[in-house]
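Please go over the structures that come below.
Two complexes follow with chain A in common, the first pairing it with chain B and the second with chain C.
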Partner chain A sequence: MPRKSKKKQRKGAVKERKEKVISSLQNFGEKTYDQIVSGEFPWTNIPSRSINNIFYDEKLRQYILGDRSVKRTARNIRHIRPLTQLIWIGMFADELSRQSKTSTLRDVYYSAQAYEMSFTDQQESDNLITDLETVIGYSREDFNVFPEERSAIFGDLTVEYTLPGYEGNKLNLTSHPDGMMIGPALTSSELVNCKADKVIAIEKGGLFTRFIEEKVHTKHKALLIHTAGQAPRATRGFLKRLNRELKLPVYIFTDGDPWGMHIAMVIISGSANAAHLRDLNTPDAKWFGVWATDIVDYKLPSDQLTELDVKRLHELKKDPRYEGKLWKKEIDTFIKINKKAEQEAFSRYGLTYIVDEYLPAKLEIAESL
Partner chain B sequence: MPRKSKKKQRKGAVKERKEKVISSLQNFGEKTYDQIVSGEFPWTNIPSRSINNIFYDEKLRQYILGDRSVKRTARNIRHIRPLTQLIWIGMFADELSRQSKTSTLRDVYYSAQAYEMSFTDQQESDNLITDLETVIGYSREDFNVFPEERSAIFGDLTVEYTLPGYEGNKLNLTSHPDGMMIGPALTSSELVNCKADKVIAIEKGGLFTRFIEEKVHTKHKALLIHTAGQAPRATRGFLKRLNRELKLPVYIFTDGDPWGMHIAMVIISGSANAAHLRDLNTPDAKWFGVWATDIVDYKLPSDQLTELDVKRLHELKKDPRYEGKLWKKEIDTFIKINKKAEQEAFSRYGLTYIVDEYLPAKLEIAESL
Partner chain C sequence: MSETFQEISPADFFYRNRDIAGFTNPSRAIYSTIRELVENSLDACEINGILPEIYIRISPEKEPTSDPSIYKIRIEDNGSGIPSNIIPSAFGQVLFGSKYKLRQTRGTFGLGGKMAVLYGQITTHGQAKIISSIGGPKSYEYTLTMDIQKNRPIVIKNKTHRNKSQWHGTIVEFTTEADYSRAMAKILDYLKQTAIVVPYANLTFVDPKGRFYKFDRATTLMPKPPTETIPHPHGIDIETLKRMIEATNSRTMKDFMKRHFQRVGESTARKFLEFADISYKRKPKNLTPEEIVKFVYAVKNYEGFLSPDATCLSPLGKELLNTGIKKELNPEFIAVHQRRPAAYSGYPFIVEVGVAYGGEIPKSAGILLYRFANRIPLLFDEASDISYKVTNDMMNWRHYRVLPDTPLAVFVHICSTKIPYKTVGKEFIADRPEVEHEVINALREVARHLSLYLSKKHHMEREKKRLDVFSKYLPKIARFSTKLAKKKKIPDVKKLMRSAARYAKEE
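Moving on to the complex of A and B:
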């Protein structure tokens, strides 16, 4: 019985969240309406996203906003335009959410013209969308504004779609061996059955395909995710769901250079730009390679660091997200050996070495971190 | 009965092609072996890919190579290295194909080290892979060397996988509403049942998702393909298969600028770089928008052309692939109005205008082109 109720609880996660998002949007609208009806100039408080209000929270292991906020009010003539724009974005987000239609940042910019709502350029509408995120506390993907980029997933997870027209359809994500795109349909689906016991996120597409071919999903009971470089926000949110709802540990496998390291870090600790949001990062995710020390230990073919690589490593040294022992050691090793290596470098030992030898060895280490 | 035999013929298309590729590779190996056994210095003829041997073929509507070829022979001490490398690549391609393992350009470069085969850099191994394509007349995707990039497909097509471990599995490509990746599994699958009567290739991911949401696949009986910018070669090859095996007309929908126009053109007429290959372009595919004349007719929100855009348009004017009346008119209109517009610009008339109004109007025009 407890198992069943747990499953039932899990099944409603998406629906419940969607209701919360719509009710936040509705609250924002109602508040504005009430202000007008009661003869007040409409206004709203927006937590400040300025650099001196962004702090790293050691406990949450992510950036958060401090207590400062900005009051935007129609009483101030300079606020009338951005406040009106914000209310319009809220209305548009509400329409998208209720009708289960999706959009993109660029698309919202053009859509405004259908309502004779004016934005000087896309930058202006992008900023207002971030304002709305800050006000309601949900990310734009929650109100159906998606990025252009898509990454992919493969593995023994059965999802049940909630998308209109597909409601109740189920699909096992091993059905298509090239991988399924992670878009609005997947991120809005319920996770109904999972045989995997871990997630491996992979930077490069070639490696993602190799892992499928070499059956990492069955040998290691893993869900495989192709991040396609920096993981899109929708994918970071989905990784978080896999970790929280299914209790799956998440392991990240990138190129061995400061950029690969940072792909892992953004999945783990998020970005300063998203300090106003939760649920986009997975603090317990682990980066298992390619480490700088792997370049030495596995005698990998490598390239010399560029000036830009070195500059980036010194930046990361000062970044509060890189406080941990592992990170410090790897940053120092990169600088010391002055080398970087790509995931494909393991092919020097044959195409399957990475799956047969390296992966099991590193998973064992990562599990103990 | 004729229907059944047609289906049977279609069902074997992938297997047949794979056998041809392996037998080409085998022929290349046997020829070399025979040369050595008969006491000859091994050699091979490679059609020249130099600029003065590339011609535009009006009839095939693509670039082709002329009659010049280069003899690469072990008798010449300077040829020993590239000839040995070419033979190694042939051997490696044969291994990949027989074992149904896939690789990438970068991966091949590193794999060479497992065989103590030396390449100075990846550029050198990439060139040798192109040499092998030229010698055997098949593209690297045919011998399982795939690009990193992936695009996606959605629509009422049922495929049967031939990939080891998935042989005989069937999947309908409407199963996952975010789209399925186009990779080795899809391109090596047989096309067993298709309810669609056309293909629409779409440049932008946001629009691809909108088309799925607004059910273009059922309303217009279309397979939808997301090219994600310039379509990867594997996707161009798959478009060709849909056109040739299933006799589906292909329509291409891009941004209204010289770069979008060229995305369409490469699908239609291929690139000069691939003059040594067939089966990567679809001469009968049609570009249906966003045309320069659409910017005027639909009063689309637009941006001014940049200097680079204008320079590119003047280049295209001299390109033999852009000989047709439609192309000339659109290039001239772009230059005249000095404007460009994105696919998302139609959202100024509401999110569904593009599907409800623009698409049917343009499909009708495109069918008559």
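Moving on to the complex of A and C:
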């Protein structure tokens, strides 16, 4: 019985969040409606996302927005169009959420034309979606708008769909050897059964496939996630759920250069672009490689840092998210050795070396961090 | 070897030098013919305050072949008419009057009409038929040719008609060689521009293909006719002075100055003669050639004369200029301005300008320029004209909100007892600093009015656009928020629209 109740509690998580999103959208609509009824030009406050209103919060271990906000009012000729667009997107998001349909950023851009609300370009529509996120406090994935990019997951996790037409269907994520796409159907699923005890997020597709072939998921009882470069927000949100709902530790494996390092950091501490959102970062996730010190210790084939790489390293040095000892040390080492290495560099020692030797060693170190 | 010298008659002189009078080729000749005859007719009406009715017809004399060909020209006016005894010499003899008097007229010496007839005669061997009446009980018809060498009219036929209706006016008919197809555009342009600057005239034109063009008067108001005046001292030269002395019966130089020059009184005459070092008691006819030269030289250097009298001039006036522009071009906006009289070299002149924007003014690469001098449109050599230079090089139009593609026409009318033409062709005004100054200041004045209008229009368009934005988006906000809030009734945005309009007024 206790197991069942735990399951029930978990099962509510997705639905509960969805209800919150819908009521938040409705609140926004009501506020606007009441303003018009009372003879007021409709307006809304949008927390400012400008650079001087973004602060790093030590406690949350992510970027957050400050107190400043901008008032967007229909009284102002320059505001009335974006305000109308914002309310339209709200209406569109509401429909998507209620009907459990999904849409891409591109869809939103085109759908607007049916309401004579054309956006000048994709950028304008994307910005307004971000505005809506800021106003209601939920990410676009919560109201079923997804970007085109998709990443993948493989491992012994059983999910149960909540998607209309699939409700109650279960799927084990080892069913397909290429991995399962982390799309709206998956992120809206309840997590019902998991045999893994950790998650490994991998930057590159080649390594992800290698890890599946080499059965890392059974050898290390791991869920494998392919981030495909910078992890999409849906993937970051899903990592967070795996960490929070299933209490799985998350390990991140990227190229050994400032860009790979930052892919890990965004999973851990979030990005400035998403400072208006919560629940997208996993503060306890660990980056285990490829470190700059690995390049030295494992004598990895390496390339020289480019000018851009060096510039980026100096930027990261000033970034509050890189305060930790490990990060500082790795940044300094990169600069000192003036070298970088890709994940595939381990192939120099044979195809299985990375799984048999490197991974266990580094996971052990990562656990102790 | 001895050369034989031969005296030639004025008619012969013009025959030999017809190029300078605008009769270069059959295309230019037909244009000049029409122009000279129309101008004579207009002068004949205006001097007597008659509202002009002018009918012009060009008809093919033989089966139309290719141009140049022979055409018959007929022009009728309702002017004051010509006394019967003067008719032959008025059209058959090139005359130089001893003109000591000055008057603002279209042509000089009435030469153009005679040139037209002369050109017709030498190209077609034809005769000219003139019918005229001064409104008395009879009208007179003459058929004549010109003896070019002797400068005499030869009357071939002479008839008298009864004139019951007391018609007054002149009809001229003759044949001439012309290239109408090439001149057509210029002739029509000329008539249209004449209609602008003479908005109180009815002009009718029937072309060789029988096409009928009509330019109706838009007003019965006429400018006061120009009056004759005596010269200003600054306007004379040695030859003029000699002739004046020959004709005068003044006994003293002081009296001579007072009687024959404008704006010279007792004190000015005394002071000037003192300046010129010529005794005021001296008898004009006794002046030595050296003294004549001295007198003219002193006139040029003496600064004590009052500026020339402009009351003899007959400008069009702001109202008529406005009417003319409006009736022929129907623009959206017109501003006109008349400068106060100014003078150059002893000749008074008045500059009038207009600017017309939008409406039927075509959008073109530049500003359309209409030039007029003593109510004649100037159609050739535009780029050499002072007004062209001022309009295109000196005015900073952008300062007045005029952009390169703004549909704009500029009108410049200069009237004077002597228009400062640069060449005998009488097609463009010379680069005189006095004229340039007047033209640019006049243009700046009308441009200021235009700028105000454009600014107001721009403001109103912006306001309209602003309200359009509100009326586009407010109903949408109402509709979308109703749906998002799960309400049934869409709220009314009329109240908000009203306050949006109110802000517009406040701002």
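The rule we apply is simple: the second predicted complex is superposed on the first by the 365 of 369 C-alpha atoms of A that agree within 3 Å, B and C clash if a C-alpha of one lies under 4 Å from a C-alpha of the other, contacts with A are read in each partner's own complex, and residues count from 1 in each chain.
The rule is simple: contacts are C-beta pairs under 8 Å (C-beta built on N, C-alpha and C of every residue); 3 or more make two chains touch, one makes a residue touch a chain.
These figures come from a predicted structure and were not determined experimentally.
Visitor: Let me test your reading of the model: by the given contact rule, A:L171 touches which partner, first (chain B), second (chain C), both or neither?
Guide: first
Visitor: Looking at A:T32, would you say it contacts chain B, chain C, both, or neither? Reply first, second, both or neither.
Guide: second
Visitor: In the superposed arrangement, does A:G183 touch chain B (first), chain C (second), both or neither?
Guide: First partner only.
Visitor: Would you sort A:A272 into first (chain B), second (chain C), both or neither based on which partner it touches?
Guide: In the superposed model, A:A272 contacts neither chain B nor chain C.
Visitor: Give one of first, second, both or neither to describe whether A:I64 is in contact with chain B, with chain C, with both, or with none.
Guide: neither
Visitor: Once the shared chain is lined up, is A:I337 touching chain B (first), chain C (second), both, or neither of them?
Guide: Touch status of A:I337: no partner.
Visitor: Could you look at A:W88 and tell me whether it touches chain B, chain C, both or neither (first, second, both, neither)?
Guide: In the superposition, A:W88 contacts chain C only.
Visitor: When the two structures are overlaid on chain A, which partner does A:V192 contact: first (chain B), second (chain C), both, or neither?
Guide: Neither partner.
Visitor: Looking only at contacts as defined up top, I'd like to know whether chain B or chain C touches more of chain A.
Guide: For chain A, the partner with the higher number of touched residues is B.
Visitor: Going by the contact rule at the top, pick out the chain C residues touching chain A in the complex.
Guide: Touching chain A: residues 466, 469-470, 473-474, 476-478, 480-487, 491, 493, 495-496, 499-500, 503 of chain C.
Visitor: Note which residues of chain A are touching chain C in the complex, please.
Guide: That would be residues 25-26, 28-30, 32-33, 36-37, 39, 41-42, 74-75, 77, 80-81, 83-84, 87-88, 90-91, 94, 115-117 of chain A.
Visitor: Quick check on the complex: what are the chain B residues that touch chain A?
Guide: 100-104, 106-107, 109-111, 113-114, 146, 148-150, 152, 161, 163, 165-166, 169, 171, 175-186, 204-206, 209-210, 213, 215, 301, 342, 344-351
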